[in-house]
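Some structures to go through are shown next.
Each of the next two complexes has chain A plus one other chain: chain B in the first, chain C in the second.
Up next is the complex of A and B:
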């Protein structure tokens, strides 16, 4: 895993933290200014459990299917969360497949998968929104479904004798309106940046 | 008799209409003749990898809206997708918390809806409500109908078909929610496959993730595909003729990913399609032409050619 701003990382001097991820231990030091105080509280606010209860046993990394494939260590990310090293949790937040294996194997009952989900909540609130989130949310407010309808599939539906998909029902605009009212009420349109699609 | 309402979700109606056909056929008058209604006002469940991951309040509102529709019809939701199951089931749990229910209902009032759960009986002046029941197709087949009933409807046993079943993560985990089957040693999908006359083969890392969930497929497709490749290597090693799953999103992943690492691929289908085959449906109705991996090899073996 690479930090987002390597220039900034090179300037690090002050605080020594051992046992962290390789690229951190290589440098041995990180700047105090990189530590975000109360980061653990922020995670709890979005539904994660208290990361301070993590024992750093590494079971979560051991059972994580993603960690076999890329440089992604669940334990390390929880460690960054404990220290408040917010920026090191950037970039890897969207690769968790939410398979919940880490949760099953966590002796501290921390549920690392939910921590990853809380980190995603924090990421979108900082404007880090992967394009697929916007696409799916746009599809939802337009068609009531996260997957965009496909005219070719509609033809096959017709051939099979299946009725048209819900969003083609003459009554469906009422449903779209309901969805948009809910999305607008929870300010999700603004959060994700799809205000122009929501007309309520 | 239990009353259900179909919840087809997003992937099946828009990508794999053959699955919708199979589910309707198996549960309909050609099959088990269950009391299942349609509801035209359902929306996306909403998908956990997008909405539960980015804003839980929005996720809960959208899920609650779907739950209210089923609640007002007094029906159990029949999902055919692990994602819909996980999302809606989790939402019913959240809504059991009075604070969450109150908060959601204050917003739902704007669209004239209210989630209470389904009223059961009145104890004196107090009404008792039960959360809306969210069921998975596999579990309904196994628990409400039973394997004997499934086997009794089989007209064309799928003998000699070696099947690799894939349960999918959100069917199994978190384990306290997956109470209908044993999360560490699930059997329902295997038993349905066997009731259809086929053989369920054991393969290494059977309970592993397909790689698609949580937005991984949408975000880094190569990463998702590499996990799928591992699964397919194990499935091939077990000599399977096809992959059968209860989750359309896992199916979509297996179906799309295989072309990135193999020429032919192993056909993959939903358990409802598999059952419909065994129950004697004409395979042309199963919409295999929308699948990327051709089901040709399997159908040829079925014909005994």
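Up next is the complex of A and C:
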């Protein structure tokens, strides 16, 4: 199966992977210093199942819709997790669409999608945050949604006979305020690095 | 303590019925075992011995590195002879392991073997409390305290012997059942073999060749089947089901329903005229629906017994009341549509269960589309299609259009090693039968391309690895490490495209095949479940029957006199099944040769004067031991069939009248242990104070 085109593929990889992938594939020998002990336990702490149950059958990669578009192998990420190759796993996990097809097919009853979510939690806590996550988080505190409101969309909604989205609502500033308080209280703003956007 | 004193009715030798009186405390010897470092590594055995020495009644307390060794046993014998010890307490490992050893040991010294009490310091103390040494020692002292106090109340018991009927029942006529029956018959025992199908042979009869040697399955099985039918010691009950089993080792009463064949077995000569005349054609189950048979049929040409059977469901006579062409065709007047099921009662001493397996049936809406695509078949179906006596005469064809497939995919681990469907186990034979089948296909059609989608190849047996190498090197069979993720059918050509990750290449592959064969795993058969219920056999989590010990008692069950053979105990190949069948036959022969078995006296006993005949024990007993009988002084009373009783104590615990006593676990003995556990002896805090502290804390 051939991907869309080379350039598009590169663009996707740049946004989601940030060049880390290329850097890693250059390594020829992996020595012990790169292995993080008890990485599987850390994943479990952040809500993933025990990656050690994986039998490496490759069913998850086969059913993954992302794997047909870019070089993304669910199975090999799980293998990195089993091995404790932490740095290999933290940069690339944002492409997972959490469609849970891998979970549906997994004969070991592991849930690879939730492992990916756990890896995101770990990555963010390690400060590895792709720019688009920051943008989405900023949008959330500013507009109450991760996508920026667009006058164009409002126009289309109007044409379709739909009401305006909630930014027009008189209650709107109050809701935003509430979101900001919550985000501040949960220290999410500090975690993502968007303190300046939150005015509490 | 209102419990009645056990009078030990089963034993003629009465001994003192009451030792409980304060006057006479029997002399007790305590032997604390180090078990190397197993116990001594955690528990301070010296302290335990010192504590034991101070106890009332204890005359001797000794430590040993290995009490079970000859040296240790000699010391016990010496102590009994020198000090006149009347009760022995051994504080060592689980009684399951060494109770028989020590019983024999004290018997040698002239004591009744049941005057022994074992305290389990290893499994119940040192192993489980390895991190808390002080507390473990404290607990060990408590346990010995309890043990000694119980030992003072022990009473001599006498083991009983029951005669064994020198006849065996084998349930299931597959290769395991056949082998077990033949072995027992050749030893001179009478054997009944009950098979639910019209013919014996089981699954092995359906197979083509056997791995790794390539022997034709039916060619090596058929002689055994014939030998079995001819053996005068074997009564073959085919087309029959076991309905009820009552009794105990040596004396089982078995009820067998012999299903109506509608053909008299004594008159049928197997000529086949009836089948030729029969106008009804239906799918043959033996060929898994690929071939056809008549409504009056034998499943396969080598069937044993070679007696025709009418399939009532499809027979025209049973549907319309007419036809009867078979009756007209038969020259021996063997066909009889009026025949009825027959109930036979057999008396047997031992039972061998060989109820076999079923292959896993792929899910209706599964990934592999077995039910949707014609060209997806199972391994067993492939066996029939490449079998010379199969529906195609050994020519492999595609079900969709009858052409010879050129590209074949074999998919491994279907229905095995899958937690999602609850089959965690490896079916053990799929790797090898797939490899064997690919060899056969390549021999027939050398231009075929074969790809095996596997996860791990398990070629562990004698000659297996060599066969694996042969198909790779000589036949060029390709092995792809990855589980197929998606199968899609080309609506025109009916070819099947498989998408899978080749995990060793780290690439997603997509390839087209003419035929896909699912190597389906093994699972317990429906018949096994039914027989398991009738015999109250336990199963392991995978649903197969549980053996008594995974290593040392692999063919025994928890029920004495019932043995396991073949795939009903777990997936296995033909050599393993045959080996297990031979083992089961030899195990079953042991009590039949001896003509008697010893039955433990640790059974329940009913005090008839107290029993009101409520029948609660009859309902609750998992072994069917108690029965209600007319009492000697009138009324209905419970009576324990001792040979059936396992001494579990369910009846004694539940009896509202406290009329039932379990020997060696009498209320008196148990209360004694409890009192010892709560006594102040060797304790920093009085039990009452401690209880208060616990409540307030």
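Annotations for the structure displayed:
The rule is simple: the second predicted complex is superposed on the first by the 156 of 200 C-alpha atoms of A that agree within 3 Å, B and C clash if a C-alpha of one lies under 4 Å from a C-alpha of the other, contacts with A are read in each partner's own complex, and residues count from 1 in each chain.
Definition applied: a residue touches a chain if its C-beta (ideal position, glycine included) is under 8 Å from a C-beta of that chain, and two chains touch if they have at least 3 such contacts.
Computed from a predicted model, the values in this text were never measured in an experiment.
Within the superposed three-chain model, A:106 lies in touch with chain C and out of touch with chain B [touch as defined at top]. One of chain B and chain C touches more residues of chain A, and that partner is B. In the superposition on chain A, contact is made by A:166 with chain B only, not with chain C. Touch criterion met: A:57 reaches chain C, while chain B stays clear of it. Chain A contributes residues 46-47, 65-66, 69-70, 94-101, 103-104, 111, 117, 120-121, 124, 129-130, 132-133, 135-137, 140, 144-150, 153, 156-157, 160-162, 165-166, 169, 171-172, 174-175, 178-179, 181-183, 185-186, 188, 191-192 to its touches with chain B in the complex.
Every residue of chain A that touches chain C in the complex is listed here, in rising order: 1, 53, 55-59, 61-63, 67-68, 73, 75-76, 105-109. The touching residues of chain B, when paired with chain A in their complex, are 9-11, 13-15, 17-18, 20-21, 24, 40-44, 46-58, 61-62, 65, 107-108, 110-111, 113, 169-170, 173-175, 208-209, 211-216, 218-220, 223-224, 226-227, 285, 287, 289-290. Those residues of chain C whose C-beta lies close enough to touch chain A in the complex are 367, 413, 417-420, 455-456, 481-486, 499-503, 506, 508, 510.
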